[in-house]
């Protein structure tokens, strides 16, 4: 452990950059949580598995077709899986308690993980870098990093921009927001609330899969990476205030950087410890999140 | 309620003895090993049944408390203090009877904390940790409580898997047996298998007795009222936060006792005991058993753990638990014994009993 | 007010942009039946929740039996002798009627967690006393026949009575009743009125929020009128009925 390393600005920036890249993924997972939470009030514990499923599918497909097509197909396939999960496990439950839903999504995450273990294997896999090779690097403000970082940042930006346009401008997006605000009222206005829930599972599966694909070249992909990703994504969602996707971006980058800096000063032994410690601290001190208002929080069930 | 509520406890004790006799007569004594281990996992599930079923609070971190108990016992009883034997504090501890001298499998003389003292420390530590984290997190509900307890479990796992003194991914081996006097001990010696079977299941029966007592008492009723309607319970003077923390600490103690005993029985403990999947398994057992239905939880726990430990589920071990979780929550949220068909039967029997009592 | 069991002093509570209760000062005389009335949204339930500790006031004080209980937690308020029922009946639906009422004895008993686990002789003796008292309370309200029924399965009117029994089992000094007549028919309402008077005759002070004016005028000695979070007026039922401000808020300006 050498905190003195923090005084070297070039090194510091390099680690921050890595943190931002990882944090982008956390932010995307958190946005996935938020989409489903907003329309259903459910935290989908299988969110991390969507990321892995997307990446694994793309890796398998990449051998047979161009990378872009493989990624697109993988995202579509994962969206389909998301819809299927909602239809089979969630849709027909009436007045299910939170405890019941939590346990069901945990069960789903276990089945998905074990399914992926048997469908693929326990080895690390990776997609090729989207541009350049493993050894190519670009410089961002003086620090060299793989060009894949730009893909990650770009994906986050596109997802955030795309989602906010979708929710603001399209009829479907507005209908989903209406469901989030008041499901009964939305149904009375003629909105098909059930379809909106399915759609929210598809959307969050899709962006999860996309996140899995863009990070696979950097972090590699293994069947059991879903759970830690889900915990970190949830941490980010909580830090930003559950349901608030814009805040989740800030929170994701923050958690990513803090985690990266903790690795820099040598705390890598307890890898997930930093994120989980942040999670516990926020849950205990301010469950409405750093950016959440206490007023709005009073309406939620902590 | 009265003394009638103790009938299932007696039935459990009889069943435990009957299974042992049957196994002995069938010449399948080797089954006892898995039954012993299953008993300790059942003890964890029983504590969790109190927390989830009666107090209505989820915990996805109970493997953490099990590991806390197991690792504390393992670390204290294997850390060799021989080099410090002459120092005043060691002499003081020894004079209090807190230290024990023994030889490990390599014939090396070891002076360490006595197993019973380590056990007491393990339980006290688990209770203290449960209290310390319980006070702030137990006021959280639903998803938030689930994630907070999950977070606790992850931290314990990381500590177990990342700390040199705890053996990192290898865990701690060469844990001595827990001598109980008269040549009897909690340990893996084949000659003591039947004795260990009765110790393990005796603890489960004792745990069941404690839970039956508690749920029929003032605090148990308060817990049930919190589960029913927290605001109303509060307005009747039930200190809901206090009751929930008590249930949390009690269930953590169950887990720590199980962890400590199983570690002595196995002679070792590794970080997998602290893993999130283990915590989820305990939840699966409690859910499948019917949450508040202690007998359902114990039966399911015994059956599933026994089959799992026998390797029946092969590489689909975790998948089986995941599938059980989903199936039970989808089709029988009151647990397997609470399914409509069975409930109708129980209702019938119950009415007959009731009629018999009234007559 | 001398002889007041409960007083609030300039109690205020705001929810976001809504001032639910503002500078509310009320007094409830010991051994009286006092009614709290007002149109919907006048802040009656908020005032109840402020007294019972379910909400903390932004400012002001609550004094019960000469003791400042402002900001005390609901369970602490209950332990001091304030019982309550809810606007929508909140029984423990999965527990039996007897068990529901036994929870009501919580503040009058003391066996802790460990004593419960060990079931010491003192514990089961106390448990027997709790059971006997709860059964007697039920018998007193003529609910003995429902004793072993699961609370959630009972008809609505009976559930409300069970909630009364549960609150009474704690032997409170002050009972807060939130719209006890809501959803009851004429016959049941009349019986309720008699029950409330009988409760008072046992030395329990009653503060009741109620919309049923005939019930309010029948049973209460004093009526407090809330409007838009403020105390509009207070007095005997007759005085309040004649007050032009009260007529205006209930019937509109035309009738003033």
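Letters A, B and C name the chains as they come in the text, with residue numbers starting at 1 for each one.
Please note the rule applied: contacts are C-beta pairs under 8 Å (C-beta built on N, C-alpha and C of every residue); 3 or more make two chains touch, one makes a residue touch a chain.
Everything numeric in this text was worked out from a predicted model, so none of it was measured.
**Q** Of the chains shown, whose Cα mean is nearest the mean of all protein Cα atoms?
**A** If we average C-alpha coordinates per chain, B lands closest to the whole-structure average.
**Q** Suppose chain centres are the mean of their C-alpha atoms. Which chain sits farthest from subunit C?
**A** Most distant chain from subunit C: A.
**Q** Go ahead and note the Å separation of the Cα centroids belonging to subunit B and subunit C.
**A** 43
**Q** Roughly how far is subunit A from subunit B, going centre to centre by Cα mean, in whole Å?
**A** So the centre of subunit A lies 34 Å away from the centre of subunit B.
**Q** On a C-alpha centroid basis, what's the spacing between subunit A and subunit C, in Å?
**A** Subunit A and subunit C have C-alpha centres separated by 48 Å.
**Q** Which parts of subunit C, given as residue numbers and ranges, touch two or more other chains?
**A** Counting only residues that touch two or more other chains, subunit C contributes none.
**Q** Show me the residue ranges of subunit C that touch subunit B in the complex, using the header's touch definition.
**A** Residues 52, 54, 73-75, 78-79, 83-84, 86, 90-95, 99-100, 102-104, 106-107, 109-113, 115-119, 123, 126-127, 130, 166-167, 170 of subunit C touch subunit B in their complex.
**Q** Which of the residues in subunit A end up touching subunit B in this complex?
**A** For subunit A paired with subunit B, touching residues are 43, 89, 93, 96-100, 102-104, 106-111, 113-115, 117-118, 227, 231, 234, 238, 269-273, 276-277, 279-280, 283-284, 287, 301-302.
**Q** Would you mind writing out the residues of subunit B in touch with subunit A in their complex?
**A** Subunit B reaches subunit A through residues 52, 56, 58, 60, 133, 136-137, 139-144, 146-148, 150-152, 154-155, 158-159, 162-163, 276-277, 280, 283-284, 287, 315-316, 318-319, 321-326, 329-330, 333.
**Q** Give the list of subunit B residues in touch with subunit C in this complex.
**A** Listed in rising order, the residues are 210, 213-214, 216-222, 224-225, 227-229, 231-240, 243, 246, 250.
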